[in-house]
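One chain, chain A, appears in both complexes that follow, with chain B as partner in the first and chain C in the second.
Moving on to the complex of A and B:
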């Protein structure tokens, strides 16, 4: 199925948490400095319902998204009040893909873990947690992934400030 | 040889203690395998037949700091690794030497500004004797660094200098 077909099907089966979608478009020549939008089309899903949505995508025989290719997060800008959580799904049965975006407020970035559906999400969520400060509730192994255990701050946030020193080693 | 010439029988050479010991040391520098990133590939190339670091007696890469004289820090050093580097350096027997190979080990390299976990130069953790520039350096550059280190070792002295009298 192409994106339109997948989206229509998701609408038809009333997938939980589905709130909308976005598609790439060409720049409008009538509007000044309109950049358009590049990239893939994606569906927008309510963050608290993301695991349920992934479950439906996996179990529905016409979608059959068995593989979670990636789960990552984005801090779009300093002024934006949301973080994005971006997932990509792949179906080997039907050979189609889907991109999913969820928005989380920066003030309390908490969402349920997707490891209950895709165990591959474990490492990805651990990385998102340490880099962006997102809390994944009921994560089975909420340790740091790459950073040292006692690292302060979330480095990939736009408002991150470098530490002065780490264990006596100067950072500047 | 001056005064000492022909004073001894055949097959006896005269030299200085410093020169002899330095020559022994610099002719068999045993480096520690310390590849952290892409510089390690060049370091491996130096160890292979084409460039052959063994010509300088420095081909015996040791997997333990206790048998090594030289630490070639080849690659990006992050804070998690820096503590291990310090510990490994402390485990090396004296006299010990460090070569910072490449831009990252010298001063953070391309990660200088936004690399939040990259140490801005391994000299913040251990004392460095020779810096080798490049990203990554050519094998010849590392060999040149090794020769610089040998020159430096040649100048060192273990003999206590006699106290100056007024």
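Moving on to the complex of A and C:
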């Protein structure tokens, strides 16, 4: 199915948490300096319902998204008050992909873990947690993944300040 | 004592091991261990010879690739892609270039697509040679590794001729490739293919059909279909469990769709020939068979390549249109994905890398408990990880 078909089907089965979608578009010549948008279309899902949404996507025979390829987060800018959590799903049966985006407020970046649906999410979420400071509730193994356990700050946030030193090792 | 699930094989031959009960012991395998293929630690809990728990610990080779991506220009990031899966740098270049191209509206010249595929497939051969060769070393067979380095050396010499580098190429650029193949290069690739086909037969007999190798890998580390999908495995790890999926065929990119429709290559799948479906031998077999398929793809391109431009017209300072795209390609180890976010400027806003080794490694937590300590090395080797990619 193409993106339109997937989105219509998700609407028809009332997938939990689905709030909208976004598609690439050409720049509008009538609007001044309209950049348009390139790339892939994606659906927007409520962050607290993301695991349920992933479950529906996997179990529905017409969608059959068996593999969670990627789960990551984005800090779009310093001034934005939301973090994005982006997922990429893949269906081997129907040979289609789906990009998912959820918004999380930076003030309290807490969402449930998707490990219960896809165990592939476990390591991706650990990485997300240490890099962006997102808390995944009921995560089975919430340790750091790549950074040392005592690392301060969330490196992939746009307001991250590089440390001067780490245990006496100069970082500059 | 109660056995962890999967501790006994179907034939029951491992039951004797639990006669003696010892205290659980935690062993650090790594960070410096030859079988971890890089700087990685696996904390193994074992009861005698029986592994009861395993916990891979990463980060020793973390080089902040994603953070660097947010601080350099689009073109400047390309050399960093070489460094995550350093055994398949051409494929990484291709993955990143294609992700940027997905955001832009560029037409890649036909000759550039051909050279891209030739280089990517040659690099796949080189990468699998290392994978199979070092796997032999893990299991105590040193000789095949040295033979395989002979062909890999030639492959690297070929790349040296075309781009000047032996390991970190940065040859496939956004919009095409860096320069045209030098005179005589394509015919040398053909000679390489001829030689490799003969050598491949030797490797197959020397390693894959070796009785000791079979005993060490067959029935070991079986990944059932559900586990493979649950952990998001890709590449030979998936195909070893007979799940028929290859992005080159199923979601074709570059000119692979055309090559597939021409019937030039096949997708090898694990069959459980020597033991159980999805065991270590099946994964090694998928890799070694894939090398021959790569040779066929290279030959297809060599037959059809024609002179022409090799790079599209790309400005020196690239501005990528605002938007976001995820592009996944079939690397030797599985799906390499790049998620790129642009605001229309010179620098990416987000440069996420989904490395296949990262997801493939996660399966160890579920696969190792219940196996023997000696088999643990065979299983880790069969996942064929590159630590540069898991840690990025």
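Assume the second predicted complex is superposed on the first by the 172 of 172 C-alpha atoms of A that agree within 3 Å, B and C clash if a C-alpha of one lies under 4 Å from a C-alpha of the other, contacts with A are read in each partner's own complex, and residues count from 1 in each chain.
We adopt the following convention: a contact is a pair of C-beta atoms (placed from the backbone, for glycine too) under 8 Å apart; a residue touches a chain by one contact, two chains touch by 3 or more.
Owing to the predicted nature of the structure, the values given are computational and were not obtained by experimental measurement.
Trainee: Which chain, chain B or chain C, is in touch with more residues of chain A?
Mentor: C
Trainee: In the overlaid three-chain picture, which partner chain does A:148 touch, first (chain B) or second (chain C), both, or neither?
Mentor: both
Trainee: Applying the touch criterion given at the start, work out whether A:110 contacts chain B, chain C, both or neither, answering first, second, both or neither.
Mentor: neither
Trainee: With both complexes superposed on chain A, which partner does A:170 reach: first (chain B), second (chain C), both or neither?
Mentor: Touch status of A:170: first partner only.
Trainee: Indicate the residue numbers of chain A shared between its chain B interface and its chain C interface, in ascending order.
Mentor: 147-148, 155
Trainee: Can you check the complex and tell me which residues of chain A touch chain C?
Mentor: Interface residues on chain A, with respect to chain C: 24, 35-40, 42, 66-70, 72, 74-77, 86, 88, 90, 92, 95, 97, 99, 118-120, 122-123, 131, 144-148, 155-156.
Trainee: Name, in rising order, each residue of chain C that touches chain A in their complex.
Mentor: 58-59, 62, 64, 66-67, 70, 102-105, 229-232, 234, 243-245, 250-251, 320-326, 328, 335, 337, 339-342, 344, 349-350, 352, 354, 358-359, 362, 366, 391-392
Trainee: What does chain A use to touch chain B in their complex?
Mentor: Interface residues on the chain A side: 147-148, 151, 155, 160, 162, 166-167, 169-172.
Trainee: What residues on chain B touch chain A, complex-wise?
Mentor: Checking each residue of chain B against chain A gives 79-80, 82-83, 116-117, 119-120, 124-125.
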